[in-house]
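The following pair of complexes shares a single chain, subunit A, combined with subunit B in the former and subunit C in the latter.
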Partner chain A sequence: MINGIQLYFRLLSTSIRSQMQYRGSFVFLTIGHFLTTGIEALGILALFDRFGNLNEWELPQVVVFYGTVNISFALTEAFARGFDIFGGSLVKTGEFDRVLLRPRSTAVLIAGWELQMHRLGRFLQGLVVLVLGLIHLDSTFSILSFFTLLTAIIGTILFFYGVLILQATMSFWTIESLEIANVLTYGGVETAQYPMAIYKEDFRRFFTYVIPIACVAYFPLLPVIGIPDPLGSSRTFQHLAPLVGGLFFLASLTAWQLGVRYYKSTGT
Partner chain B sequence: MSLKTVAFKHSVQIYWVVFAVRFKTLLQYRAAAIAGVITQIFWGSIKLMIMAAFYAQATVAPPITFPEVVAYVWLGQVLLGLLPWNHDPELDQLFRTGAVAYELLRPLDLYMLWFARILAFRTAPTLLRLVPGLIFAMLLLPLIGLEEWQLKPPEDVVTLVLFLCSMVATVLLSCVFTILMAGAMFWTIEGRGVASLMNGLVVVFSGMVIPLPLFPSWLQPFLQWQPFRGLCDIPYRIYSGNIATDQAVAEITFQFGWVAILLASTYVLFSFARQKVVVQGG
Partner chain C sequence: MAYISIENLEKHYRVAVRRKGISGALVNLAYRKHQDIPALADVSFEINAGELVGYIGPNGAGKSTTIKILAGILVPSSGTCEVGGLTPWKNRLQHVSRIGVVFGQRTQLWWDLPVIESFELLKSIYRIETEQFAKNMHLYSELLDLDEFIETPVRQLSLGQRMRCDLAAALLHDPEILFLDEPTIGLDAVSKLNIRSFIKSLNKQQDVTVLLTTHDLDDIEELCDRVIVINHGRLLMDGTIADLRARYGNERRIVVDFQGKAEIDEVHQEHLLTLENNRATFQVSTQVPRFISEITRRYEIHDLLVTPPPIENVVAALYESQDGGI
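And now, the complex of A and B:
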């Protein structure tokens, strides 16, 4: 176990050093990522400027959703790159055979494949927006709300990590990388930037019961913002909801192990 | 026919073949297109739900009506491939492997050669996604009871023709921005950084994030003059009638004006770039 963790950090530090060989590109990438992902915030700002508010929601409340989902997704993307590119770069090429030869956990090796440094761009813009939102909230921000926020962030990271593991797992069967998973990752981020309550009911149900992003990036943020749920969920439920993210992650990991057992090489 | 015209005809033929081959190759990626269509439909739906929520409680009429926004959003999704937000991975590979040296050896104009390839790269995948996307947005949506989200055909034939003229400029403009990204690689070798910077500019200033008329009024004078507007805002608003037919000609001229300026300046850039190139590998 300890050995696994050591290995993981070693892999990550190698990845960082190799990316620092292209320092100019890293700087460009990070700035570019900050701007491209931060643009959505400009969109929200412009819409609020034009329309005043969004039903019962005010700007600072909405940007708490925005900030949380963005910093969580940035961290997931940074650390789950191996799973993200898995289908195209490892299964299709037969490269995964080499990973299997190593006497270590495949999940750890793939998780340590690459640490994408430039995701810092999305993380920073999300953080700036989140802090600004929290400052301008009407309700006071206590230690308790800080911890609730933290559980929401951890839950969201685990949820997105789970989606990326599932995406990688699917490619054991399809050989290709499944771009369709983008609907759940990027689409999930896009969706969760606004409070779930504004969407159509079927759509909301899908993102609560099938793909539980509402459980990690909507319900637990309501006590942080300090307003009752327009959908009528209880506070207890809202506090417990991020656990669903953890369960989703564990389920994906189990699926991954099944997938590894199924794996047939494409190699020559 | 003079020798010069023969040579000219011959070279045009070459660029046409480069375009056609790349175009046909790219038409093979059908599975990717299906994934793309589903993503775009999903995206369009989220955007419309958000917009609908804002519009439902608007007290002052915004400068663009909800039906016009619906057309704006759907056209943006089905024509997404035309946005110059990424560039040909094949060109990226050329720089990384050093194979760009072979490109420079060819007795052809590098700019024209790459322009032909990029034209195929921009149009072929878009064409693949356009049809199923349109079927969904125009025909399927009313069938499932969501008429208010349907992409309606343009008002009359004149509008349609003006829209198509505007789209010609859009395609050219998109190719010029794409080739600018490729040209930047002569300096940076690795293309992703510049591409992501371009991506940011394109997405916000074309109107993809939110329709440009919804931005605050004090920003409008600036938004009005920047070239990225020609990528989405102008054609989509001509389509929906938000830009009236009598203004449309001026707007299309504006688009072609930017095409001319950018074509000329990227061409000059390329002639400098040739001398800057670093060939990787040995």
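And now, the complex of A and C:
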């Protein structure tokens, strides 16, 4: 276990050194990523400028959701790159066979495949928006809300990481339906940028019980903003909800192990 | 006790049958028909520790399927397979730490990093002891002459240099067996010879068992005492190169230089392959000595050379013998 974590960090530092061979490209990609993802933040600003509040939600409150989900997704994209490109490239090129030839956990080797550093662009963009939002909130930002925010971010990272592992796992069975995963990743980011409470009930239920993004990127942020849930959930539930992200991650790892076993029995 | 033993190994791939056209694609979504494609049928062989065996066959014969099963990354449909007392696919982690695999077409090194950093990563991955690592680094950088480019990023290496690095990379953890898949593909003549002599000394001096897959039959002839031939997923032959030649290559080529111009008799015409100036090439499959004594009596001969057919022709004859149906 310890050894596996050591190896994971070795692989990540290797990936960083590989990318530092192309410094210029890293700088431009990061700036580009900052700008393209940042346009959505401007979209929200324009929306509030034109229409005032969004139902009962004020601008600083909404951007806390926006910032949190963007920070988390940026970190997931950076760290889960191996799973993200798994079906499209690692399986197709036979690179995964090489991975299976190494006497280590496949999950560790794929997780350490690449740390995509230019995702820093989205991360910084989300961070700026989040900090601005927190400053302009009516309630005070305590050390407790900082830790609550942290659990929300970690939960969201684990949730998105799980989605990307599931996307990779699906490619053991089919090479066709990978677009579905994009609905969950990019679609999930779009959805969670706004408070869940503004959506229709069926939609909300889907993102709470089926694809539990509300548990990691909505409920735990309510105590941070310092308001009661318009949907009526309790504070205790809101604090515990991020655990669902961890469970989702563990479930997807289990699915991954099954997928690897299936792959070995069929080949490509 | 054999190091590798394979018995009645079978592998079928399940392949989805696709229907044509847009309507066919829609039907495919709802209902899939599968077809079993046999890749290996009833393959059995044993390899002892310390052997250097060639494993050959035309494209799609089932070579890589066999290697994948032996390497533990593919589970066969039926049959048994043991490598060093373990069933490869049941004990993947334990098994792969004892084998080395080199794919000539695909490197296992990190493209953008200096060679030495790839080696150090492999040290972590295979949990190689520092002492053992230092010993092997010393040994293989000397045998393979790696020193001059060990600090160079892999992407800047020539193919021959890269192959030398890949060989070292596969050996750092002291594997008991080395699977080589086309290790000389695309290499120039000098590099090929270097790689071959390295493989040979590895087998003889370091006592590593080697299974070599290749299309380059010179590799096989130079290196292997024993050759296993497979086609259409079935074992065609398992024996020495001499066996192979005896069964499928017993004809001889006889190159004759005449003193001055020669008229070839009709009885000898049927053996004639080429005739240029004063040099004729005959092909004879039986009673070679009698043919030679006949022509030496009949013609004025300046020089004469008897050669076995190139190994390519022998193997082609072997593949064809099966295609024609035995």
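One rule holds in what follows: the second predicted complex is superposed on the first by the 260 of 268 C-alpha atoms of A that agree within 3 Å, B and C clash if a C-alpha of one lies under 4 Å from a C-alpha of the other, contacts with A are read in each partner's own complex, and residues count from 1 in each chain.
To be clear about the criterion, a residue touches a chain if its C-beta (ideal position, glycine included) is under 8 Å from a C-beta of that chain, and two chains touch if they have at least 3 such contacts.
Note that this is a predicted model, so its numbers are computed, not measured.
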* Joint occupancy of subunit A by subunit B and subunit C, clash or fit -> fit
* To do: For A:Arg23, decide between first (touching subunit B), second (touching subunit C), both and neither.
  => neither
* To do: Could you let me know whether more residues of subunit A are touched by subunit B or by subunit C?
  => B
* Examine A:Thr36 and indicate which partner it touches, taking first as subunit B and second as subunit C; both and neither are also allowed. => first
* **Following superposition on chain A: angle at subunit A, subunit B versus subunit C, Cα, nearest 10°** => 80
* To do: State whether A:Leu54 touches subunit B only (first), subunit C only (second), both chains, or neither.
  => first
* To do: Based on the superposed arrangement, let me know which partner A:Glu179 touches: subunit B (first), subunit C (second), both, or neither?
  => first
* Go through the superposed model and pick first if A:Glu190 touches only subunit B, second if only subunit C, both, or neither. => first
* Once the two structures sit on chain A together, report how near the CA atoms of subunit B get to those of subunit C, whole Å. => 9
* Can you pull the subunit A residues that subunit B and subunit C both touch? -> none
* Asked: For subunit B, which residues are in contact with subunit A within the complex?
  -> 31-32, 35-36, 38-39, 42-43, 45-46, 49-50, 53-59, 62, 188-190, 192-197, 199-201, 203-204, 209-210, 214-216
* Give every residue of subunit C touching subunit A within the complex, in rising order. => 11, 13-14, 65, 68, 71-75, 89, 92-94, 96-97, 99, 101, 103, 106, 108, 110-113, 117, 121, 124-127, 153
* Footprint of subunit C on subunit A - complex, ascending -> 3, 6-7, 10-11, 14, 17-19, 21, 94-95, 97-98, 100-104, 109, 264-267
* Sort out for me which residues of subunit A touch subunit B in the complex. => 22, 24-29, 31-33, 35-36, 39-40, 42-43, 46-47, 49-55, 118, 176, 178-180, 182-183, 187, 190-191, 194, 198-200, 203
